[in-house]
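In the two assemblies presented below, chain A is common to both, partnered first by chain B and then by chain C.
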Partner chain A sequence: MLLLIVLFAFATSPMGLLARREPRVLAGWGLAILPLIIFAALCAQIPVITDGGSIVEAIPWVPAMGLELRFSLDGLSLLFALIISGIGTLIVGYAGAYMEKDVGLGRFLVYMLLFMGAMLGLVLAGNVLTMFVFWELTSVTSYLLIGYKHDYPDARRGAQQSLLVTGFGGLALLVGLLLLGAAAQQVGVPVNQAYNLDAMLAAGDQIKQTALYGPALWLIFLGAFTKSAQFPFHFWLPGAMQAPTPASAFLHSATMVKAGVYLLARLAPGLGETPLWNYTLISVGGFTFVFGAIVAFRQNDIKALLAYTTLSQLGGLVLMIGLGGKYGSEALVTLILAHALYKSALFMTAGIIDHETGTRDLNRLGGLRHTMPVTMAIVTVALLSQMGIPILLGFVAKEWALKAALESTLPAPWPTLGLMAVLLAALGYIVAAWRLFKQSFLGAPTPELLTRHVHDPKPAMLLSPAIPALLSLLLPLGLLPAVSSLLSPAAAAVYGERFSFELYLYKEVNLALLLSLGAIALGTLLATQEQRLAAHRVIATVSGAELFDHFIDRMLALATWMTRTLQSGRMRTYILYSLLSFLLFVGLPFLAYGLDEMRIPYDAELQFHEIVVVSLIPVGIIATIMARSRLGAIIAVSSVGAMVSLLFVLFSAADLALTQLLIEVLSTVFLLFLFSVLPARFRSFSPAWVRWRDAGIAILFGMLMTGLVLATAPSTMFPPLAPYFLENSLAGGKGANVVNVILVDFRGLDTMGEITVLFIALLSIYGLLRFRTQRNALPLSGNEQQRPLPGATSNGSHAAPVPTAGSSREEA
Partner chain B sequence: MQKQVSYESIILRVVARLMLPILLLLSVFMLLRGHNMPGGGFIGGLVAASAIILQMIAFGPQEARGIIKINYLILAGVGILVAAMFGLPALVADLPYMTAFWIPEPIPGIGKIGTPVIFDLGVFLTVIAVTTKIALLLAEEPELFPLAMADDQEGGAPQV
Partner chain C sequence: MILLLAIAIGTLFAGAVYLMLRRSVVKLILGLVLLSHGVNLLIFTMGDGVRRAGLPIVDSSTGIAEPGTTDPLVQALILTAIVISFGLTAFIMALAYRATQAVQSDDLDDMAHTDRL
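Here is the complex of A and B:
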């Protein structure tokens, strides 16, 4: 069922392309059937979940590594999945009308449906690795959506920023999850269950005791904070507003940005309730909550204003998780629902205003109350819910948030800090909402607007924001018991124990209610001063985006510098850097740890002919170095190879000897080809000190390799594999030649990989040589032909030897 | 500056011509005996490739191409495909990919036949194709790699 839902979402996403075909009924509301089917399928599961059940489906993939495709549905994932598919339905219908004239509508809808599939997979995942895959998919699809208008540099910049920030967070998250899995294994969870969310959370109390808990949590925080735009990673979210408005409404308010919150809520019952967890989340969430709310009312772009209130709200959700407890989880799920409803409505109406008036600038709007009354009604309801005015869902949610802070059992300053954050944010929301409302609907229309024929859009477009706005109003009026029964299992999943709660509009006069009303009163007072507040210098915006851009610029400059330095296009520098880094990163640790491991095996029974063969090897090497002509050097170096294969013969490794010999022959031929471009006799172009330096590095490298062999060959760290192969070669592999049986049977997959590498090497050489031929056809080559510098004719001649020599020798 | 590559050594040509069939036979022999005696697809492939490369050195790349008139790039791909196919029968039998199957009795004159022999054949083809093609690619760039070792006097290396 769950797997089917996710598969359905992905499989039907190409149908978005149908939107471009005639008849265009499929655009928009026609295609909205797809998410609607998912929504209906999920609704059918509601009774199971509200009865306290859950659904789990698992397909093992690599059980030995805990990799599986596991989906599970409980209260929390059901709430998210319903929001995703429900708002997804509205958004797809809205997008059809909003982007009616856009030729890219089909492409856009494909991205949207793909994103929806990824997001559903994320919330339904029951294994953290499964979840991670979908997590990254949401980053990628979000990148495509933000960069949808790829002709605009701002859109590209916003898309790149969001991908870099969330991608970076994703990497941190992956490491964090792997650490968590390792910790789970440490405390006795079997490997194939180590990444299973339920097993992980069940072992949560022991995991908290391990040393891995702290680092894992920090990395997971990084992932969650970047995804959910928490300060100081908040800046990508306003940048992401470059996405077409339907995408903003869907991704950047209702769904994707909540992925981080979802992850934290998911992990809360097992890993929460530690000082590290609570205090980090309260500080970061609380700060983002207030920061976003204050920055929001300074914005002039409607979407930017909404973006900042969104990131503020995300901070609020993180704060609720940090406060924890029953009230914390109740407040969390109520806020999620309330926010998803009013914010998607607000974003969609912002899109409508933009669509009808051609601007989202609050200073250029005004007087829309006459021309767009229906839109105004929707915005009013949604804004009232955002402000937390009584009888709207936002009011209920805010009261629960206050209760979460008041009833928190955390030590002294933290609940108070949480309370302050909720109240301050509430004030900010009121001012921001009032400013949005006043600037767009009140006052007189600007002359610009008068020249346009501004009016309410057609019902197909109004329907989408109207539904969530109405729900914000109707749910608290008549449906609170139903909502409570849906939210109870979700809160239970966050809290970790089954319990149920009842939402209510009014029960008694208590501190939470008084504070809530007080905040509204103070907020209203402040709202009358909104012009002065908005212009206030002290409340400066911290422009994280600019800092980030600066950082990326420096990064690119560094990369350019590195490329220029390291990628000189000269073989000798490549070899030099490779050897030096090997000496540094392997040689130094070897000096520190490996020297004691070195054993010089002394074998008294060395035969005379063995000594002769071995001592001929250095002779060949010295001859190579001393050779005056290249031909001589090639022959001398191949004599070394011949001696090595003779050694193999002496130790009765016939296959190795044969292979080595054939490779030697072929490498000699290739070397002849490659060196034929150089003059026959060696000439030194380098100063003496360079040659001495190179000699020194070469000798050090040789010594290191010898030491490594001496240290590792007698190692008994692992039981040797040879006896197994010897015993099973004939019995299991039906072959007497053990080497060959290993190659084609025991290690068949390795061989498969090796011949694939051979093929890739061939393709690269092919490409290099053909590419070079084409480039030579350019007039530039005339210059080259006059002065053929040996070994410097073109990149092709340099690069070619690398894979050739490498690939043929590697196989030996 | 274009150098004329000469492939005119009588001795080499005679030897190469004699050796070609022997080496090619040897390569197949190596391939087939590989499972029980030294040899196998990799060695067999190298032997066959050196046979062709020997022709190339003796007669030039044109002649060498004529020995096996085939697109080596495709041959290499076919080799990998053949090697990859050998693991498939196991999947049908619901065993892990690449589980080997053998015909119970050895076939006279050829020996035991099983899926690993097919795998070895794939390795054989890929190794022949890759090695030969690289050599041909190099030989067909006389401007880049003029094969005949330039003499010190006429090498045209700039004096630095």
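Here is the complex of A and C:
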């Protein structure tokens, strides 16, 4: 079932290409059926989950490494999956209308559907490694979506930023998860269960005691904070607004950015409730909560404004996880639902305004209340929910957030800090919402807008934002029991124990309600002063993006410098680097471990002529190095080859000696041929100190090789293969010369490869030597066409195909 | 016996490395020739012990090897290696021949800039 859902999402994604052609509006809504099917399939599971059950499906993948394809559905993943597929349905339909004139819509929808599959896989995963795979897939698809308009530099920059930031976080997350798995194994979880989420969380209390818990948690925080755009990794989210609006509405408000929150919520019951966990999340989440809300209302771009409120809201979610407890988890899931509804509606209406007026700049909009009344109604409802005005879902969620802070059992300053953050952010939201509303709908339309025929879009486009906006309004009015029963298992999954709770609009006058209403009053007051606030430049404008760009520039400069230094274009420098690395990484370990392994066996049969042969090798080498004339060098190097052949004779390798001698003769002939075109004497290129340095490196290298041979030669690691070949040579290969039998029979494929290598070398040499004559004789014209025809006199430079045909016909 | 081989291998590698670090294209080739000798001998040490006597030839009627016969497998491998390194050397010689003609110099540093041609 779950696996099927994920597979279905991926398998049907190519169908997005259907939207390449007109009518795209129809194609969009037609394709919206795909997420709708998933949504319906998930809805069918609601009763199972609300009854306290869960669904688990597992396919072993690499059990020895704890890798399995495991999917599980509980309250939390159901809530996320419903949001993903539900909003996905609306977005796909909306995209068809929004990008009606865009020929790339097909490609765009493929990316969107792929992303949806990845996101569903992420929230349904029951194994952290499975989850990680989908986590990375969401980063990749998000990159494709942000960079959709790849001919705009800003889009490319935004896409690159988000990929680098979330990719970096993903790597940190992977290491964190592996550490966590290692910790789980330390406390006795079997390997094949170590990455299973349930097993991991069940062993959570012991894992917290291990030394790995701290580092693992920090790395996981890095992953979650980058993905969910927490300060100081927040800057990529506003940059990601370069994506087409449907993608922004889907990925960067409702779903993907909540992946980090999801991960934290998932791990909370097992790994939470430690000082490190609570205080880090409260500080980071609380700060992002306030920071985003304050920066938001200074924005002029509608999408940027929404992006900052989104990252603020993500901070709020992280804060709720940090506060923990029953109220914390209740507030978390309520906020997730409320935010997904109103923020997707706001993004889609922002897209509509952009689509109809041609701008998203708040300073160039105005007076849309006359021309776009339906849009205004949707925006109003969504904004009211964001502000947390009574009877909307946002109000309920905010009250629960306040309660989470008030009822928190954490030590002194933390609950108060959380409360302050919730209240400050609420104020910021009201100001930001008011500014958005006032600038776009009130006042007089700018002259630019008057020249355009601005109007409400067609219903195909309005439907999508209308539904979530309407839900924000209708859910609190009568459907709260149903919502509560859906959210209860989700909150229970975050809390770690089964419990249920009831959302309500109004129960009694208490501190949370008073604070909430007070914040609204104060926020309204501030909103009237919005112009002055915006002009007040106390609020820092450092968005972090410049810092990031600077960092990337420095990285590129470093890379350029390294390339210039290392890639000198000189062969010998490269060889030198290789040699030095070898000396470092093989030489040092050899000094540490290999010296004891070296043994020099006593050889009673040592003969004088053997010593002569071996000592002639260095003599030949030194002669080669010292030779001033090329002929001398050839003679010297040939003498070394001859000594090697003699060594083979001494060691009963008759075939080798023969071959070596033959090759030596051939090589000498070739060398003589080569040297015939070169000046007869060597020039001295390098200064003396370079030669001495190289000599030092060479001697060190030679000594290391000698040492390695002495340390490894009496190898007993594996049983020798020789007896097999000796026994089977005659029986299996019908030959008494075992070396020959091995070459042509046992390892015949090796010989085949050898022949291929020789043949390719031959072809290359032929090509190299022929190249000159071609270039000299026929500089530019195509040589292939100039083959002389049989019987034809080669008179013209262009033997055209026509005479060929003619002559062959005559012959026929 | 293994000591003799080890010294031979060490000197061959040292000489090869020194020659390969030179700027002359000819010395690079000579270095490669020495390097292949060194590698071949290195393979030789990897067999079932290094012995003086015992050609790897079995009795042609019974198919039984005398005890103490040398390892035939490393010999087969070296045979392949010798031929392949010869092919490689021949190719590099042709390459050097062409490059020297094109650049009118046997200095490897001059050849580093042929991309600009």
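Rule of thumb we're sticking to: the second predicted complex is superposed on the first by the 586 of 812 C-alpha atoms of A that agree within 3 Å, B and C clash if a C-alpha of one lies under 4 Å from a C-alpha of the other, contacts with A are read in each partner's own complex, and residues count from 1 in each chain.
By definition in this document, a residue touches a chain if its C-beta (ideal position, glycine included) is under 8 Å from a C-beta of that chain, and two chains touch if they have at least 3 such contacts.
If you're wondering where the values come from, they're calculated on a predicted model, not measured in any experiment.
Legend: residue contacts after superposition of the two complexes on their common chain; A:385 is shown touching neither chain B nor chain C. In the superposition on chain A, A:748 makes contact with chain B only, while chain C stays out of contact range.
After overlaying the two complexes on the shared chain, residue contacts for A:631 are found with chain B alone; chain C is out of touch. Using the contact criterion defined above for the overlaid structures, shared-chain residue A:758 touches chain B and also reaches chain C.
In the superposed pair of complexes, A:142 makes contact with neither chain B nor chain C.
Shared-chain residue A:196: touches no atom of chain B or chain C.
In the superposition on chain A, A:674 contacts both chain B and chain C. Between chain B and chain C, it is C that contacts the larger number of residues in chain A. Applying the stated contact rule after C-alpha superposition, one finds that A:665 touches chain B and leaves chain C untouched.
In the superposition on chain A, chain A positions 630, 654-655, 659, 663, 666, 670, 673-674, 677-679, 683, 685, 736-737, 739, 743, 751, 758, 761-762, 765, 769, 772 are in contact with chain B in one complex as well as with chain C in the other. Residues of chain C that touch chain A in their complex: 1-15, 17-24, 26-30, 33-34, 37-38, 40-42, 44-60, 62-63, 65, 69-73, 75-80, 82-84, 86-91, 93-98, 100-101, 106-109, 112-113.
Interface residues of chain A, counted against chain B in their complex, comprise 630-631, 654-655, 658-659, 662-663, 665-666, 669-670, 672-674, 676-681, 683, 685, 733-737, 739-741, 743-745, 748-749, 751-752, 755-756, 758-759, 761-763, 765-766, 769, 772-773, 776, 785, 787-790, 793, 796-797, 800, 804, 807-808, 811.
Partner chain C is touched in their complex by these residues of chain A: 568-572, 575-576, 579, 600-601, 603, 605-606, 610-611, 614, 617-618, 621-622, 624-625, 630, 633, 637, 640-641, 644, 647, 650-656, 659-660, 663, 666-667, 670-671, 673-675, 677-679, 682-683, 685-686, 694-695, 697-699, 701-703, 705-706, 709-710, 712-715, 720-723, 725-727, 729-731, 736-739, 742-743, 747, 750-751, 754, 757-758, 761-762, 764-765, 768-769, 771-772. On the side of chain B, the complex with chain A involves touching residues 1, 34-43, 46-47, 49-50, 53, 57, 73, 76-77, 79-80, 83-84, 87, 98, 100, 102, 112, 114, 116, 119-120, 122-123, 126-127, 129-131, 133-135, 137-139, 141, 143-152, 155-158, 160.
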